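The structures come next, written out as structure tokens.
Here come two complexes built around subunit A, the first alongside subunit B, the second alongside subunit C.
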Partner chain A sequence: MLIELLTKRYPGMRAWLMQRLTALVMAVYSVMLLVRVAILQPSIYEEWLSFFQPLWFRIASWLFWICLSLHAWLGVRDVFKDYVPNYDVREVLLKILAVLLSVYIVWATWLFLVY
Partner chain B sequence: MQNNELQTSRKSAQKNRPKNLNLTTIRLPINALVSILHRATGCALFLILPVILLALQYSLSSAPNFETTVSILHSRFTKLMLLGLAWAFFHHFYAGLRHLAMDVHWMTTLMKARYTSKVVLALGAVTTLIFAVYLWF
Partner chain C sequence: MKFSIYRYNPDVDKKPYMQDYDVVLEDSDQMLLDALLRIKDLDDSLSLRKSCREGVCGSDSMNINGKNGLACVTKLADLEEPILLRPMPGLPVIRDLVVDMTQFFEHYNSVKPYLVNNDPVPETERLQSPADRAKLDGLYECILCGACTTSCPSFWWNPETFVGPAGLMQAYRFMVDSRDQALDERLENLEEPDRLYRCHNIMNCVEVCPKKLNPNAAIANIKDLKFEQAREHKAASKKKIEIKAI
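Right, the complex of A and B next:
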């Protein structure tokens, strides 16, 4: 039954679960980030640069950004569904949202690759 | 043909939908307050995303740019913005954890939900206060 709820027949359940899973990943990352900042306390450029150097941190940050994008997509989509009753306008807004989040993903990926 | 009928029925459903947009007539219980703030802070956090990416990129690009970013972050206006943003983050964080707790059927009765609403608001305020102390002292 639980598995059946996650099939394509119930897309709402998938969205619901995705929102929760991404939230958990982001919560863990946020606490980790706060602890890392508190321990390393980067105050000059070299320290700030080396803060982003470890491979595990880049991967974690990238994963965080992917989760953030999915989470924001579901959240803002719900807001549009509630407050934008006109279907055409809503479709346009959702497309803009998708483009924006995609651009942010490319931007963030580029940042974690370059620095 | 069928698609057209669906569109028409959708349109009439839209027109006949009841609306109550007079916000002053709506009483806001504390759990509703936490809920709407969760949504509002989520929207605010979404809107600030490009600024975060821009700040990251600029501060990482070179040593002088890093210094500029730090000096911008030290200005009074930016600090106030940061404080508001920090509250938005902390509230969204704690209210989200409350949602997760309720998803596993923990604290779901009305009295308990009211209690956890107060806890969420208090935790958000306290954490923001700690952040303010860290920002200014």
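Right, the complex of A and C next:
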């Protein structure tokens, strides 16, 4: 049913629901991150490196970043809709945001693959 | 009692201004509207809307000390002086405290605020069970004063697209009416991203409603109905696939 609501048939609900689902993923990841930090207590660089080393955690971190980018896109788009009434200026700002978030996603993917 | 009232007559004034009044009230002047009528006796150029004088018609909604409300049900004793009176924000001012509510009613009309029922008209009325009738409580009481919609920042920011709390609450009022047959169409009608989903739960609507209604809850319930609709669509398409397979 959730997938149905994320289709083009429900353009309004899709964005609204996506924002909440991404928030949920980020909340779960954040709790997981804090618990892991509390247990492993990494302090030096090598310990932090091994902290992010397990494949499952790298996938989770990458997923977190994708969700953060999607969440930011939807949220900032809403803010622009509210506060930037000029359509052309808003479009330019949205393009800048899209490029910025795309760069972040590429960067996160590169980190996921390399480390 | 001291008042500071927004004045603007587009035929004469270049820009709006605040005019101060110091009025001696009678003992019988208990409500803000009583005082306003007293002021109007002194200065008949002041324009405002009023009708029923008891919170039923919704005509005299205005911004009172920064918060929208109805002048006729606002007690003078509860207000701090000088009482600042402005027209409701977010709508064009026609004159003084009178605003042009065309856009508000366009949004209201856009949700089809009437019963859609294609069954033959019954000999008497269309009956409802007491439980179904109870679902309309807290919704049908809306007097369309516009206090909620014009205090909603989402409406100020997107007045052309966002239906606003009053319109959305009336949309929900007909969605849950057991006699209505257009639930799917009503939900489709609100699916455009900015019509319903611009609501950010700011809750000004709930705070200012003179009838103590909760448009925010109605908006959340519409979203629940969307979930319900999607579930039913999925079940229906699954059934279709099963029939085809047979």
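Quick notes
Criterion: the second predicted complex is superposed on the first by the 107 of 115 C-alpha atoms of A that agree within 3 Å, B and C clash if a C-alpha of one lies under 4 Å from a C-alpha of the other, contacts with A are read in each partner's own complex, and residues count from 1 in each chain.
We take it that a residue touches a chain if its C-beta (ideal position, glycine included) is under 8 Å from a C-beta of that chain, and two chains touch if they have at least 3 such contacts.
Just so we're clear, the structure is a prediction, and the values are computed from it rather than from any experiment.
Using the contact criterion defined above for the overlaid structures, shared-chain residue A:98 touches neither subunit B nor subunit C, since it reaches no partner.
Of the two partner chains, neither subunit B nor subunit C is touched by A:34. Within the superposed three-chain model, A:59 lies out of touch with both subunit B and subunit C [touch as defined at top]. In the superposition on chain A, A:76 contacts subunit B only, with no contact to subunit C.
With both structures placed on the common chain, the touch criterion links A:87 to subunit B but leaves subunit C unconnected.
By the touch criterion defined above, A:21 reaches neither subunit B nor subunit C. After overlaying the two complexes on the shared chain, residue contacts for A:111 are found with subunit B alone; subunit C is out of touch.
Set side by side, subunit B and subunit C differ in how many residues of subunit A they touch, and the one touching more is B. Once the two complexes are overlaid on the shared chain, A:4 sits against subunit C while remaining clear of subunit B. Under the contact criterion defined above, no residue of subunit A touches both subunit B in one complex and subunit C in the other. On the side of subunit A, the complex with subunit C involves touching residues 1, 4-5, 10-13, 15-16, 78, 81-83. Within the complex formed with subunit A, the residues of subunit B that make contact are 10, 14, 17, 39, 42-43, 46, 49-50, 53, 56-57, 59-60, 62-63, 66-67, 89, 93, 96-97, 99-100, 103.
Considering their complex, residues 153-154, 157-158, 190-198, 200, 223, 226-227, 230-231, 233-234 of subunit C touch subunit A. Contact residues of subunit A toward subunit B in the complex are 20, 23-24, 27, 30, 44-46, 48-49, 52, 68, 72, 75-76, 79, 85-87, 104, 107-108, 111, 115.
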